[in-house]
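Here come two complexes built around chain A, the first alongside chain B, the second alongside chain C.
Moving on to the complex of A and B:
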């Protein structure tokens, strides 16, 4: 009986959600169906697609939206990741003092050598992704995650080696400050936070898009060092 | 005039810089939150006269809304950001010596970021950006609740994390629906077009948003996490959580209901929820033996009263609600801070162990009493002025429905008076428990006396001269109620 009632309630909820999502069409049609909304005034998805390249000269329009039009959100998201990393370290700190270190078994020679061989290549790929974030799919978050996966490999393959926590702290501090500094220079120069104040160059060249590649590189370093720090903390727990 | 965006950018930069500063010196990081919040307080107060003339709309990336994110520093936003900075500053001073164990450097980072999140919530004009800052606020609170790393702290943090994450998920679904319907995320743009969409879809998205934000605002029945979280956190964090963080959730609800949706038909429902929250909070507080849990339940009760006053939809009602946000923020921060050192001194959180503490810690006990009397609503403290404004507003509506609810709600205030007076009576008129060990670590340092004393002085001063805050309350209420003016300011023409 209870199962029947909960099934019924679930159906009602599902029906409600279906009804409102079926009516909501995201993007262009949604705007025009809402009647009063004129297309260019409100439908900014279409506007970004049509004018974004010319306004920011960044070949990857997603980068333009993430770093410029909605860059303030990105700053917040980088902060959220930073909080997660710092919070995890703070909570594990108390337990770290009690834990007794146990000796880990070393990895086999093949794994050890393979990790050392792959590590620089992974870093190179990560750097490539965030340096080309304004040209090709991917960007600071993705590149940073790839970099962090390189550090994960080192932890798995070469026991006892890893990031130095002071290095992680410096990298995440400086990259975060670099993001903010670029944004604040925009405020000082043009009166608007995150303004794209540098010469934008021609689209699809490596040096184009104004401040977008700079910010993406800063995000890449920040995300890489934060995720690396999280891996460091968790592996310290397991060690 | 300084750009209001610095209220977010500067503390954020200081928080990012702390890891490097911490490498250079072990002592420096603990002073960084004080600097950050002092900066915010000065800037917020200097922005207040400008914001009273007209809301300051700040663009980011150089694009006009709705193409980019913007901040709207209106009277309400700047008043609340001043309150956040004021309480944040005092609690930061308190935290210099109060935090003695654990990852102290990381505590200071999380502390600043929590306040950055709250400031961002009250200043932003973009509904997705509201969500981002809300997450900044919530995630740093989860970590700070579990800061001590002991089992009760981690359990409370995990409970808070699970319920908060579900709430955030609901908010995100609500925002997704709004974006799908309107194709925009700017609150003013949505507000301008809200009448052109069928009411069913609006209702569903509004329900998602209210439920999601309601978890953080601790509205019954979404407040199961609060008593554990507020009582197991370090006292300085409890002060911020009770004084500021839950209000950010309530602000978000008010902004969405009034400015974005203009949904007046849902208000009676919110008023009933408010009174139910008030009664349940106060009744649970009455039975508590643990001082911090009692204060936490009392916060739930006060949040109910604020929600009820917000739901009155009149300028006086909202003024009263904002006034109560201010007075409860000051009083509850004071109570948590004072009880923090009392707990250090007695080594126990039991109310009975605090008996006779009036002789051993005279200043802390006196300040605690001021805070408790203000919360009950006794004149001449600020709590009286704010509760009186709410009563006047209810009588001003002349509606039987609201007057009946208020009459029921007054029972809550009576219960509140009963348990606070019982504690204060214990402080002064009951002998100390015989086997109480005198903890030497409970010696109150100067850095704790100053913020607690200042809070007590503020409560008394604003209580005697309510005009100090009163001048801003009217415009703050209009900021919330007057949708056309809000849309006009943000969108231009």
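Moving on to the complex of A and C:
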């Protein structure tokens, strides 16, 4: 019986996917079959490059594509990272309970002081990268990775200090919710998910690009807290 | 410039082969980091600075650290290799 039900559900899903994609025309063959109109729909890369700046007013066209035109893909990527972090935490959590306090000898004074000096600078660089993501190369993922590498430095230099798990979880959840909230407000205001509904300002100014900087800051916090959490989980005392 | 990029690609290939050959997993991880670093420089020359930054920070930085943590929790040498 269960097998029958699962087969039925699978058939329904397959039918749905077939209905979705049977209308779409893929690649060059579809373009030549359906003429100019479809070619515009398939060959959109050139359109992003030529009209992206005036549509989104984001100086970095890559940010415009990643966050706005292809924002849904970015949401998926962030979700994949989240699932990986959750899986790792679930695997390592069981072992962590019997973990003994760190037996490693503390780092020398020079390393300790150097880490304390460099840590805020690294955080500042990461924040710069994701706050200016719509103007200069880089963005949420890169900035978040830089922030996480700052936490890695803290682990290496200042033993016994690390992220507080509760704070990491709150930052991660809030930034994910912020991303979704901005996307859903676009849906409510203009009828399409991730619509760029804010005033866009003038290109190449810090406050420009509508929702793109907001989403990039959210992604930066999310990626930074997730990768930092992974490092925090893994760096617990081994064996 | 072409000579320099060819050199980078060659280093990448050698490092990738070395990563597959090394029995000491720590050496293999460092060879992997070298592959990522070279890829990052090549991305920069191909005018993809966004990807270059992601590759440098994630590929060469964080992934290496995570692999080293994993080696620290498991074994350092491949089996059938002599250990010292």
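Here is the rule we go by: the second predicted complex is superposed on the first by the 190 of 239 C-alpha atoms of A that agree within 3 Å, B and C clash if a C-alpha of one lies under 4 Å from a C-alpha of the other, contacts with A are read in each partner's own complex, and residues count from 1 in each chain.
To be clear about the criterion, contacts are C-beta pairs under 8 Å (C-beta built on N, C-alpha and C of every residue); 3 or more make two chains touch, one makes a residue touch a chain.
Only a predicted model underlies this, so the values are computations on that prediction, with no experimental measurement involved.
**Q** Answer with first, second, both or neither: which of chain B and chain C does A:68 touch in the superposed model?
**A** First partner only, chain B.
**Q** I'd like to know which partner A:16 touches here: chain B for first, chain C for second, both or neither.
**A** first
**Q** For A:45 in the superposed arrangement: first (chain B), second (chain C), both or neither?
**A** Only chain B; A:45 stays clear of chain C.
**Q** Just checking: does A:177 make contact with chain B only, chain C only, both, or neither of them? Give me first, second, both or neither.
**A** first
**Q** One more residue to check, A:234. First (chain B), second (chain C), both or neither?
**A** second
**Q** First (chain B), second (chain C), both or neither: which does A:113 touch?
**A** Neither partner.
**Q** Touching A:146 in the superposition: chain B (first), chain C (second), both, neither?
**A** second
**Q** Considering each complex separately, which residues of chain A are in contact with chain B in the first and with chain C in the second?
**A** Dual-contact residues (chain A): none.
**Q** What does chain B use to touch chain A in their complex?
**A** Residues 3, 5, 9, 12-13, 16-20, 22-23, 58-63, 66-69, 101-103, 106-107, 109-110, 113, 116, 120, 128-129, 132-133, 135-136, 139-140, 142-144, 146-150, 154, 157, 177, 179-184, 189, 193, 196-198, 200-201, 204-205 of chain B touch chain A in their complex.
**Q** Of all residues in chain A, which touch chain B in the complex?
**A** Listed in rising order, the residues of chain A that touch chain B are 16-17, 19-21, 23-28, 30-31, 34-37, 41-45, 47-48, 68-73, 75-77, 79-80, 82-84, 86-95, 166, 169-170, 172-174, 176-177, 180, 183-184, 186-187, 190, 192-196.
**Q** Please output the residues of chain A touching chain C within their complex, sorted ascending.
**A** 60, 62, 129, 137-139, 141-142, 145-146, 148-149, 152, 227, 230-231, 234-235, 238-239
**Q** Okay, in this complex, where on chain C does chain A touch?
**A** Its residues touching chain A are 49-50, 52-54, 57-58, 61-62, 65-66, 69-70, 72-73.
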